[in-house]
Structure formats: C-alpha cells, structure tokens
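There are two complexes below, and they share subunit A, which is joined by subunit B in the first and by subunit C in the second.
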Partner chain A sequence: MTFLDIIKSVFTIALVYSTIRISISILIAGMGEMITERSGVLNIGVEGVMLMGAWAAAIGSYFSGSAWIGLLCAVGVALVIGLIFSYIAITLKASQAIAGLAITLLATGLSGYLLQIIFEHGGNTPRVPTLPNINLAFLNKIPVLGRIINDQSVLMIFALLLPILLYIIFYRTPWGTWLRAAGENPKALAVVGINPVTVRYIATLCGAMLGGIGGAYLSISQTSMFSENMVAGRGFIALAAVIFGNVKPRGVFAACMFFAFMDALQMTLQTAVPDNIIPREVFQALPYILTVVILAINMAKGGGPADIGNPYEKESR
Partner chain B sequence: MSYILEMRGIYKHFGEVLANDHVDLKVEAGTVHSIVGENGAGKTTLMCILYGLYKADSGQIFIDGKEVDINSPSDAIANGIGMIHQHFKLIPAMTVAENVMLGLEPRKGKIFLDLKQINQQTKELSDRYGLAVDPKALVGNISVGIKQRVEILKVLYHKANIMILDEPTALLTPQESEDLFRVINHLREDGKTILFISHKLKEIMQISDRITVMRDGKIVDTVEKRDTNEVKLARMMVGRDVFLKPAPAPKKVDGAVLKVEDVSAVNEFHRPVLTDVSFDVRSGEILGIAGIDGNGQTELVRALIGLQPITKGKITLKGKQMDHKPVKLIRDEGIGVVPEDRLMEGLVVDFNVQENLFLGLQRNKPFSDGKLISWKAVRKNADDLVKFFDIRTPNNEQKVNLLSGGNQQKIIVARELSHNPEMIIAAQPTRGLDIAATDFVHEQLIKQRDEGKAILLLSLSLDEILLLSTRIAVIYKGSIVAIVNKDETTAEDLGLMMLGGTYEHIPA
Partner chain C sequence: MNTVKKFLLKREDVFSTLIALLIAFGIIAILLMSTGRPAGEAFYYFIKGAFGNVENTSNTISRVIPLTIAGVAFLIGAKCAVFNVGVEGQLILGAMASAIVGYIVHLPAIIHLPLMLLAGMAAGGLYAFIPAWLKTKRGVNEILSTIMLNYPATFFTHFLVLKVLPMEGVVPATPKIDATARFATLIEGTRLHAGFVVAILVVVFAYFLLNKTSIGYEMRAVGANKEAARFHGIPVEKRMITAFMLSGALAGLAGAVEVAGVHYRFLDQFSPGYGYDSITVAMVGLMNPIGVVLSATLFGALKTGILDMSIYTEIPRQLTTLINGIVVLLIASKEMIRSSFSKLVRGKEEFKQEKE
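Let's look at the complex of A and B:
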C-alpha cells in the first residue's frame, strides 16, 4: 500500500459525513457552555450535564416509546441540574469549579446507579426508540451534499443553526448585550437597573439545557441506548472548544468542527493505517494531545469575558 | 422651602462598622450640593443607599416631598436619580455608545438592537452638552477623563434630574477637573441638581452652593458656601485643626544616592513600559514623580527593587550596581519600599501586627541568627515600633486585615524605616488615607529627608507631589518628559506635561 493510497482512503466524503456526525453533540453542548461563560459563569460540569441528559433521554424514550418525549426528559433533567448548579454557584457564591466538578462526579455515579435500579443490571439500557434521521429524496440527486446530509440526525439542523442564532442574539439584541455585560462587569449592568443575577441564572439554565440536548443526541440518535460513561470526555472537549473559540459564536463553532474533524480523522486513520506501522492508540490519543497543545498556545490570547468565574456580590465595593 | 430630595434617619452598618448613623440630608433643586468628609466617613454608603445599591437598615427617602421606596438602581432611575461612581461602572470591551445605552437600548421592532440609533443618540447627547466623545470608540481605549464623560452621558440618557458624582476628580488632572466643573455648571443651568462628593476642599469651595460635612457616619453640619472656608471645613471634617502644610525647604542636599541611567523595560506582551528613563535622587531631597495612573510608575518602582527585569540601562545605589540583582540583596543594600498596593505587596493581611513589622527581615539580625527566629526580638521590635509610630491596635497579635487603612500603612512605613535605609521609595504612600494619617506619613517622609535620606515619591495626587517634593519629574508613557524644581513650576504646567503636552479643552 502506497502513501497515496492511504491518503485517498482517508480523505473521502465519508470523512466529512462523520465529522458532522461527531460534531453535533459537542456543538450543541459547546454553544450552551458558551452562553453560560459569556454571562460570567464557568460551568465545568458540562460532561455531567451531558451524561444525565443522555441518561434521561434514553429512559424517557424507553418508557414512553417516543424519542421526542425522551428529548423533553433530557431537557427537564438538565434544567434541574442547571438550577442546582446556579443556586450553588450564583446564589450561594460557592466555587464554580468545585460545583462543576461535583456535578460531573455526581452524574457519573448517579446515572450508573439508576440504571442498575431500573433495569436490574448495569452497563447499558435495552434498545430505545430514536429520533428520525434526515432522509430527503431530492438531496440524493445532488452528488456530494446528499451523501453528507442524508442519514444525519434531525438534531444536525438544530446544531448547525445554533451558532448563527446565537451570533444574532449576542450582537444584535439587547439581551445579548446584557449577557455579555454580565460577563464583563456585572456591576455596570446592576447600576443601569438590570439584575446580573437574573441574567446569569438564565444563561446557566440555557447552557445546561443545551448540554442536556447534546447528551441526548448520543443516546437517542447517534446510538439507540444509554451506556455508562457514554459521553466519554465530549463534555470536556466542548469546554476546551469554548476556550479555544474565545467564547464567541464563530470561534466556538470553528473549534467544535475542528475537534470533530480530528476525531473523525483519527478513527479513519485507525482503520486505514495497518496497526503494525502505527499503533491505533497513537491515533486515539491524537485529539487529546492536540487539545492540550492548542489550549497551551491559545492561553495567552484572551478576549474571553473579563469577570468569568467570579460570583457577583451586591453590596461589595 | 421645598426640597427636591430629602433623606431622613438613614442608618446602615456593615458588620461592626456603623457607616451611616441616622443621617438627615436635604437638597434644594437646581443647586450643587457637596458632601465632604474623610475617607470612611460614609459618603459613598449614603449615596449607594440613595441609588438603591445598598439597602439601608432604616430610614426614609423623599423626592419632591413624596416618600419613595428605592430598592434597586432601576427604582432610583425611575425616580430621576443618576449616579457617577467613584470606580467607574463601564465595560471596557464595549463601545462608548453601547455603554451609554446599556439597559435601555433603542430597539428596531421589539427584538433587535437599533445600532444606528445607539450611535446617533449618543452623538446627539454628547454634542448637546459639549462633551466631545466618539460614540464608536472602545471604552477600554479611552482616557480616564473621557470615561467619566461616558458615565455622565449614561446618567443624562437616563434623564436623571438628580445627579450624584462620587469623588469625580479623584483620578483627574487639573485640566480635566476644570472641564468637569464647566460641565457641572452647564448641568446646573439646565436645571439639574448635583450631589458632589469629595474630600478636596479647594474644589468644594469652587463648585458648591451648599456643603454638608460628614464624620464617622454622622452629619456634622450643612452650611452655605458663602458662610464658610477651607479651614473651617477641614476642622469640621477632622474634628480638630489640621493643615497639610507644604514641606519646608530641605536643609542640605548632597550627592546622588540612587542613579537611574537610560533604563528601559517591556511588559509581558513585549510592549515598552519604560523608555530610556534617567534621573537621580540625592541625599536630603524628595524627588516626586508626577504622572497619570498607568504611565509606567508601577513598572518603575518594580524595576528599582528588582521585580521588573530591565532590558537596558543601569541602576546604581551609592555607586554599587543594583540592576539584575535579587530583591533581597537590593533591600539589604539599603532601599526601603512603601509599595503602592498596600494589601497585596506591603502586608500579609492574615499575619498579625508583630509578624508584619519584621516581614522581609526574617534572615536579618536581630530577628534571626541565620537559622532560627528570635521571637523575643520580634516582640521587642513590635513594642517599640507600635509605640513610636502610634499604631492603633488592640494588641500586637491582632491580624492586620482588621486594622484601618491608616494603621496598616503605619505598619508598612514603620517597618521600612526601621532598618534605616538610605534610599526610600514611597509609592502612593497616602492613597486612601484620611487627613490625619496622611499628615503622619508626610511628617515621617520629611523627617527622613532631613536626616539625609534620599526619597523617591510617586503619587497620583499632584497636590501631594507639590506639597512634598524638592524636585519633580514628570512621567508620561514610560518616559521622564521633564525634571523641574518645585519652586519653578505650577500645577497647571505639570498637568499639561502629564498629558504629554497635547491637551485640548472641551470647547466652552
């Protein structure tokens, strides 16, 4: 096998298809985390929120027989977690890092435990109904586009529209201005009569909701079951993408797509390159190594919200 | 007589501190009503209560004779009250216009921002009051004086009738202050009522119609401007006679102790922060460095004590090379430093008084024989210094974060002078201190000067520079633009140089 053969077998339309497929969950969760962080709150519990979302979606879908109800369950559970997190981080002003970590730890244990209780065995749920995939006949007539879009989850449409929608909200509406203000200098917002606490609550809840949907995609669309730890670091990749993208819609979108592409690439390389030349573990580690490298390079750049991570104290100087 | 604003029996405490003790205040419409008082007198607290930022424990507020409930800034705005804060409440990452309109943005339809209106309305408002600001400039890139105008625009945009200005001149040059006063007069003619907070008596006498004096959370008195003067006000503020007198001429100025030659330095982003800085400080004199905040003062001090690497130049103390040497060695060679950030760099706030009084001297005699600390010596040192410098503390094992700012500063001054350095660097030594504590620090510096020490004084207060300095160096964008004798200059000349000589007044 020549080098050219490998290249040809790697860079195909299928690679684009899987990039988009992989991007959906981190894009939705990443956009959510971006909203939260823009308001000045750092929720590093995305991973946990996604996991609970995936869990709730599968359970809801299994018992109701409808994946849409499953999606709704994911939103509901994510909002509850978001509310708990907001209360701890915003109202009680506890350390956001610890609250976020706690959520991830809690979700890991709780989702496995509840699985055990409900189905009397761990590991994974039975097969559950899934959300429909896009299947438009006319798309098949368009050569490349058809093979990329058809057969993707309906959530793809949502995921790809989200960055555009958020760009408009961030920069073209008053609410977006207040959101950004809350993350830059909440006092400046308070003195013009808008309560930064409310803004941060709403932003954190929106973020959690999207985290839940991002997780639900994994269990009721990409696959058709919940299995323990199925989020497998995607929440942390989303978190990295938000930082890498400077907490701005275009940047975070690009970062999510980049990470998704790297993941799709490593999977393709694993099969394309014989194991005795380069062991597959090297490719598996690639996205994580790149994440670390890129974050290290990117750290000095700045441009994120100035007041991120700090609780808002009303009567402070 | 009818009052546009009346506050009755305002009472507020923070933990142990009684910030407002049954304060009564009456303000007539269309006047400039000043509130003066030392730091910590409770002025800002009172104004924050009026603006709904703090909640009073008890008390009433009346606007135009009607009692109102003000629980949040939006209540205050709805009642026609606007506030320009001591520390600006602006968002550097947004433009001037976005800051002015924040919270009350003009909309297109119900949902979208009307970006065109945002810029246009800001421009119109700015033109109407002659404020000359560029709506599209990023707030992070404009000067302090302009930032203040943005705050004023914000309050005007909210259609405030009562405008609170909390220590608005604290960060301004004399020129910028003059401009501000012109704007204030314009606003008064326009029928606005101004509450002007300050502890600078000269400007109070210049701008006010009536003056209320506060001390220790209480109102001392309210007087007409024509019935009072600076001396009377100072006495009411402090409760006794005090004057900040200019330092007498130095007794004997000798050769240079500290020599700084062509020193340059860059910051972490490789931008120049000091460029070819040269000066010397002679024994028996105070060299004042005047400049607007952020022109390289911080970096200069850090370079002198070895915390900021220099890229070029030479620093010598009594002929000995000091650049590229460790901090400890520089201090042991005889430099005492009163750092500008008292809490971060001057003290360990969780340590007690006696520990702070020998900080940095742990390895020196008599506190240590090189291995173990002699707590006996530490206690004796603390006893001596506390008595000599009159540091008010319940005991020497009190944590310093529970002491007042003035006493914290006394600890630093006491410690730095205790090892008898020949060179003293005092950076913002009286920032945030009240008149009595300021007076104390000034006295100590003059005393050291007369004992033949060389003193470098950095201050953002031009008044302080003029009061103490023998010679004055002006720093602008990291360069020393002039060194003049105190007797041969004026506040106005210095102010102009501090702005790089290019200041344009707002057209009157």
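Let's look at the complex of A and C:
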C-alpha cells in the first residue's frame, strides 16, 4: 500500500460523516458548559450530568415508547442534578470542584444502581426507541453533502445551530452582557441591579440541561440503549473543549470539532490501516494533553472569565 | 453542662462530619427501601461482609492500605493549598513503574522491595511535577490540569501493557514481579500483606512532617493564607511544589504497594478509583492523618462489605460509588450542617444565660 493509498482510504466522506456524528454529544454538552463557565461557575460534573441524561433518556424512551419523551426525561433529570449542584456551589458557596466531582460520583453510582434495580440485570438496558435520523430525498441528489448529512440524528441540527444561537445571545443581547458580567465582575452587575446569583443559577441550569441532552444523544440516538458508564470521559472532553476554545462560542465549536475529528481519525486508521504505527492511545490522550498545553499558554494571558470558581460574596469589598 | 457545650463547639468539625455521614447513610437507607431492598438485612450483610470473619476482615484491611496512603497523599497537598485531583493518574504510573522494576531487575529482597517502592514514588512524584510547575509558574488551576492528566496516564499504561511489555496469560497485565519484590502475605488465603506497615509509616511521617517540622509548618501556613505566608518570608511557590510532588510520590507509593502486596504485577485498570476515593477519604478524615486512617477504614469496609452484600441481597454493587457520591455531596455542604449545629448548641447556651 502506498502512502497515497493510505491517505485516500482514510480521508473519505465517511470520515467527515463520523466526525460530525461523534461531535454532536460533546458539542451540545460543551456549549452548555461554556454558558455555565461564562457566568463564573466551573461545573466539573458535566460527565455526571451527561450520564444521568443518557440514563433518563433511555429509561423514559423505554417505558413511554417515545424517544421524544425520553429526551424530555433527560432534560428533567439533568435540571434536578443541575439544581443540586447550583445549590451547593452557588448558595452554600462550597468548593465548585468538590461539588462537581461529587455529582460525577453520584451519577455513576445512581445510574448503575437504578439500572440494575429496574431491569434486574446490570450492564445495559434493552433496546429502546430512538430519535429519528435526517432522511431527506433531495439531499441525496447533492453528491457530498447528502452523504454527510443524511442518516445523522435530528439532534445534529440542534447541535450545529447552538453555537450560532449562543454567539448571537452572547454578543448581541443584554442577556449575554449580564452573563459575561456575572463571570467577569459580579459586583458591577449587582450595581446595575441584576442579581449575579440569579444569573449564575440560570446559566448553570442551562448548562446542565444541555449536558443532559448531550448525554441523551448517546443513548437514544447514536446507540439505542443505555449501558453503564457509557459517557466514558466525553464530559471531560467537553470540559477540555471549553478550556481549549477559551470559553467563547467560536473557539469551543472549533475545539469540539477538532476533538471529534481526532477520535474519528483514530477509528478510521484502525480499520483502514491495520498495521499503522501510531497507537490509538496517542489519539485518545491527545485532547487532554493539548488542553493542558493550552492551559499553560492561556493562563498567562488570562483567558476565560476573571471570577470563575469564586463564590459571589455580597458583603466583600 | 457548659463543658459539654464547649466540647461540642470545640469539636464542631468532627460532629458536623459525623452528622453529614449519618444523613448520607439515612438517604441510602431510604433509597434502599424505596427501591424494595431491605435496608436492615443489607446492613447485616454489609457488616458481615466487611468484618464477619478473619478472611473478610483481612480483605477489608488490604483495601484500607492503599486508601490510607492515597488519602494522606491528597491531604499533604491540600494542607498546602494544592488540590491534587491527579492522585489516580500518579497512582497508576507509580504502580506501572514499580511493576517494571519488580520483574526486570533481580536483586535480593532487602534491596529489591525498597527499590521497587522508590520507583513508584519517583514516577508519581515526577508526574505531579507537571501540574505543580504549571500552577506555580503559569498560574494554571491544578484541579483542571490534574483531571486532564489522569487520562494520558491511563492510556499510556494501557499502551505499555498491550503493545510494549510482554504479556503473560489472557488478562492484560505485565509479567509477575520477582518474589523478592513482594510483600509477605500475613494470613494465607487472604489479601492481607505486610504493606500495612508502609501505610502506618506514611501516616506517622505525615503527622510529624506537618506538626513537628518547620517545612510542614510553612506548608500549612501557605495553605492557611498564601499572602500572609509570603509576607512572612515563606517561599510559597517552593513549598507548593514540594507539597505537590510529595503528594504525587505518596500516590505512586500507594500504587506500588498494591502491586507488591496484592496483584504482583501491573494489571490494566487495576485501580477501582482509589485516586478519586482519596479525596473523599481525606475530606471525611478532616484533613488529619489520624482521621484519614479512620475514614479509610470506613471506605475500605464499604468496598468489601458491599461486594459481599450484593451477593446475598440482590443489592447492586454500584451502591459503593453511590454512597461515595452522596457522602462527598454532603461533606461539600458541611458548612451548612456546621453552622446549624453551632447555632443549635450555642443557641441553647445563650437561651440559658438569658434565663439566669
């Protein structure tokens, strides 16, 4: 096999298709985490929120017979988890990192426990109804685009519109200004008469809701079941993408797509080039290593909101 | 009466932690019953599974060993304002390094075992240097960097086991270490091994370092108030790097002790999350070396007890992680429990004073 053959067999339309397919969950969850972080709250528990979302979606879909109701269940459960996190992190002013870790531990245990209780066996749920895929006849007539878009989950539309929507909200609406102010200088925001605590609550709940949807995609769209620990680090990848993308819509979008591409490339390389010299572990570790590098470069420049991780203190000067 | 209150208020932290634990187990009991599982029976089998006979008790202690060492590892960092969430990654690398030294070099036991433990400490400590450097020189939040660095460690060891090192048998693992690199099994047929001596030494070391040495004092000063410590001429960054690397070295030691005492090789994905548990253990142990031993015993018992319980009662073993999560959530909101506890005690006192 010549080098050109390898290139040809790896960089195909299928690679673009699977990049987008992989990106959907981390894109939705990452956009959610971006909203949360912009308001000054660091939710390390995205992984846990996604896991509960995936769990609730599969359970809801299984018992109602409708994947849409499953999606609603995911949103509901994610909001409850988000509320618990917000109460501890914002109202009680506990360490956001510890609260986030606790959420992930709780979600891992709870989803596994309840899975076993409901189905009397562990591992995974039976097959559940899934969300529809995009299937438009006219797209098939367009050569490349048709093969990339058709057969993707309907959530792809949501995932791709989300960054644009958030860009507009962030920079063109008063909500965006309040959100960014809550993360940069909450006291100044309070002077204007907007309560930073309310803003942070709403932002954290929005983040959790999107995390839940990102998780739901995994169980009722990308696959058709929930299996234990199925999020498998995607929450941390989303967290990494937010840092990598400097907590800005365009940057986070690019980071999510890049990480998804790396994952798709890794999988394609394994099937297309059996004796490839680059081990898959290199690709798997890459998002995390790059994020640490970016943290090292960026922190000196002061990327990200200034007040992130700090509780809002009314009295302090 | 007054002395009781004074005692209660002085030990406020201990009591609020105990209350948090009680609430956590109350929630678990409610959860068990509401999902149709008998909480009383579960408790019986849990105690039996953790301490019921010599074998179970020994297995519990074998879990307490790595939890104690890893808990102290987290504590040493936290005392110096270093929040090392990377204990898991450092522990895994430590285990790998020690397993390699354990099977590649052949030496008499008196050198081999210490050398192997040192290799584990070196690997963990050096890996911790990355986030330590990033924190002190570049201002990178160590929680984020250490979370991110846990993954490369896992993938790297996975890669070594599967593709670089020779494999014995069907499970992905390194070859067995020499007999000279192993801790003696204390009770035949159980996992209890001589490594518990190392755990005791680590606790004593941490106690002396933090309470009896000037470096330990300076580390605690940095943890209490960085700016004040700097004002008093303490080299803040230096102490933080020391604490971070020491924390990493102890994490690596925890991994090495597991290899030398339990598995005798590096088993891919051998750690049931000891590194993440270390945070719970240290927090429940009130960031105190002796407290860590007590809380490691609790969580070690949880690990073995629930395993047994899940066999007899059809209660899913995932309960362990769930309990961990609920405990950490409640410990995180301990401030609320603490303030209402002190209000309760103080309130009565003031009430009484008014009457007098």
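Keep in mind that, in the parts below, the second predicted complex is superposed on the first by the 289 of 317 C-alpha atoms of A that agree within 3 Å, B and C clash if a C-alpha of one lies under 4 Å from a C-alpha of the other, contacts with A are read in each partner's own complex, and residues count from 1 in each chain.
By definition in this document, a residue touches a chain if its C-beta (ideal position, glycine included) is under 8 Å from a C-beta of that chain, and two chains touch if they have at least 3 such contacts.
Everything numeric in this text was worked out from a predicted model, so none of it was measured.
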Comparing the two partners subunit B and subunit C, which touches a greater set of residues in subunit A: C
First, second, both or neither for A:Ala306, with subunit B first and subunit C second: first
Touched partner set for A:Thr177, first subunit B, second subunit C, both or neither: first
First (subunit B), second (subunit C), both or neither touched by A:Val192: first
Touched partner set for A:Gln116, first subunit B, second subunit C, both or neither: second
Interface residues of subunit A shared between complexes with subunit B and subunit C: none
Subunit A to subunit B touching residues, read off their complex: 172-174, 177-178, 180-181, 184-185, 187-195, 306, 314-315, 317
Parts of subunit C lying in touch with subunit A, wherever the complex brings them together: 35-37, 83, 85, 130, 134, 138-141, 143-145, 147-149, 151-152, 155-156, 158-159, 163, 276, 279-280, 283, 316, 318-326, 328-329, 331-336
Residues of subunit A that touch subunit C when the two form their complex: 44, 84, 88, 92-95, 97-99, 101-110, 112-117, 122, 228, 233, 236, 239-240, 243, 279, 281-282, 284-285, 288-289, 291-292, 295-296, 299-300, 309
Of subunit B, residues touching subunit A in the complex: 14, 44, 51, 53-55, 72-74, 76-77, 83, 85, 87, 89-94, 98-99, 102-105, 107, 111-113, 115, 154, 158
